[in-house]
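Order of writing sets the chain letters: A, B, C and D. Residues in each chain are counted from 1.
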Amino acid sequence: MNSSKTTSLLTTAHNYTSLGRRVVIIKPAVDTRSGPTSVTSRCGLSQQADVVIGPNDAIDIPDVESVACILVDEVQFLSPVQVDQLRQLTRHAPVITYGLRTDSQVRLFPGSMRMLEVADSIEEVKMICSECTKKSTVNARYYLREDGTKQIVYDAEQIAIGGEDMYYALCFSCWDKMR
Amino acid sequence: MNSSKTTSLLTTAHNYTSLGRRVVIIKPAVDTRSGPTSVTSRCGLSQQADVVIGPNDAIDIPDVESVACILVDEVQFLSPVQVDQLRQLTRHAPVITYGLRTDSQVRLFPGSMRMLEVADSIEEVKMICSECTKKSTVNARYYLREDGTKQIVYDAEQIAIGGEDMYYALCFSCWDKMR
Amino acid sequence: MNSSKTTSLLTTAHNYTSLGRRVVIIKPAVDTRSGPTSVTSRCGLSQQADVVIGPNDAIDIPDVESVACILVDEVQFLSPVQVDQLRQLTRHAPVITYGLRTDSQVRLFPGSMRMLEVADSIEEVKMICSECTKKSTVNARYYLREDGTKQIVYDAEQIAIGGEDMYYALCFSCWDKMR
Amino acid sequence: MNSSKTTSLLTTAHNYTSLGRRVVIIKPAVDTRSGPTSVTSRCGLSQQADVVIGPNDAIDIPDVESVACILVDEVQFLSPVQVDQLRQLTRHAPVITYGLRTDSQVRLFPGSMRMLEVADSIEEVKMICSECTKKSTVNARYYLREDGTKQIVYDAEQIAIGGEDMYYALCFSCWDKMR
């Protein structure tokens, strides 16, 4: 599900660094799909994170005054306390975070919830519904039935790291209709 | 705090009704500032709500198939269950809801939280910070000190119905700095 | 066609003045529908313009340093030179302009064209198509046929001041299909 | 200047094709920077265009009914007539175009002008000002002085194909101040 979001993050990073400005890329340790420290988009772009944040780490950025922009990938995996730390960092540099609003059961992640509370501005990165190609908002979890078709899981734990083999984008209506 | 939001709602209602289309305006019963059934914006526009929803009411719209648009004021006061009922109503007509994201302590209202989870699209109605005139996101609660200046309340119950005498708009930075 | 735009302008003005800030409301002299100096929205809100600009006037705002926001109604009727003067005024205060993108033949007004060139930010005030209630972008000109139905005019002068008796909102597809 | 725009285009293409849907990528023949038929973003993504349009070509898409999305790069280089052809294609599939609003003198390109007239929806792809890192809107043309600093060209032909060696992003204020 991270093609558009991570591509946006890496493009923004590129825009700053091509001007000779310093960016700091942060990722949560729990997201190990592309290795412990790499930020990788499905379309092939990749870069090393500058800071990898464990579940109980405080976010600390050395020499933050020299930073032009702080970029956070998969922010839904940060804790509310860590999001509050990001909020305080906006005193020094703009902080742009990318993440999922909701889990596969259409419930806010705790980190996304805190982001929605304290963000100065909210923007959608558009994805398309795998069924109807309208704008998707649901990151549905599924497993493959024996006949190769997808069975959506309407009851799942909130965090289970996976890619296209576990999740696919749906609009709320298609997700709801497939119950 | 409701000038821009309710004005937007009433303008949208006007746009539909001037085309001869039927709109349904819904308000929560808890919001009694302008009387039990009136939807009133601070700049003077006013209209009767078609449906007033109590805390445990199911949202029921007679002849919903003839409705061109459902408009909800102060959606933050609805329960998550009621928001789910609105979500189901989108099968019949577009539903546009207006409300506060967060309370005076910058915490999501339960109704706003459910809206942020299930909305197809999120748009900001812009207000300006009473201190710096940048975009505001915080609906701060205050009381007047004896010298007439405002003391912000950083610890308050979530729901206390009031107008400009109790709340004023701030950006997060100003709200945070005034602690 | 000006219900939503002028209502937005007047709401923004209200938001500033209720904080004790000074706004300056500008309107072009050519728009005389609600009298020479009044800025009036279809839903009933109204206020006097502070500055009325004739076709060849230079835009001059006395004591501009004390202004919190400059608001311009019907900006499509200003000349490109006047829009450049507004652009220069942004050195002193934010300038927010409201207007139509295109005329009834879906061609940019010269003032709108210059606005689209020099604006820092472009936002849509949404109207609905009178035929299909999707988002409208065309301000179609029509006359009533003898049977009371509307005949769209696909060949008209650019400026002809009128209200709902001459113009109605359509989406491009409906406007195009009715040819 | 094309990093963000072309990356967005290629990401959208990827989102559709990964669902097994057919997209058609169109580019103008005049843009030969990355070869005659390649659509390439500065951050390294690249793909072949399906259709390359010469200045007087009619836009023709075989079997358009099977297309899920039409994507156009550098739309500012199409003629208004070609933009009208794209507008007609929206009867069959959504058309998303990416391009510059204005040339290096902050004047609309004819193709961009027609796009702004007939588009159902306008969205900004954000770039940052090379001087102040605020949002940029100007694609400034420059040459290097002998001392290695940049001299902006405030009087130039509209179309001159180049990359970072000829153009850089500025906000209007910085561009205007450097006169």
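Just so it is clear, contacts are C-beta pairs under 8 Å (C-beta built on N, C-alpha and C of every residue); 3 or more make two chains touch, one makes a residue touch a chain.
These numbers come from a predicted model, not from an experiment.
K.L.:
Among all the other chains, which ones are in touch with both chain C and chain D?
P.N.:
none
K.L.:
Compare the CA centroid of chain C with every other chain's and tell me the farthest one.
P.N.:
It is A.
K.L.:
Would you mind pulling out the distance in Å between where the CA atoms of chain B average out and where those of chain D do?
P.N.:
For chain B versus chain D, the centre distance works out to 39 Å.
K.L.:
Indicate the whole-number Å distance between the mean C-alpha point of chain B and the mean C-alpha point of chain C.
P.N.:
27
K.L.:
Residues touching two or more other chains, restricted to chain D: which are they?
P.N.:
Chain D, residues with two or more chain partners: not present.
K.L.:
Which residues of chain B touch chain A in the complex?
P.N.:
That would be residues 87, 90-91, 101-102, 106-108, 113, 116-122, 124, 135, 137, 171-173, 176 of chain B.
K.L.:
In the complex of these two chains, what residues of chain A are touching chain D?
P.N.:
Those residues of chain A that touch chain D are 3-4, 7, 10-11, 14-16, 18-19, 21, 42-45, 68-69, 127-128, 130, 133, 164.
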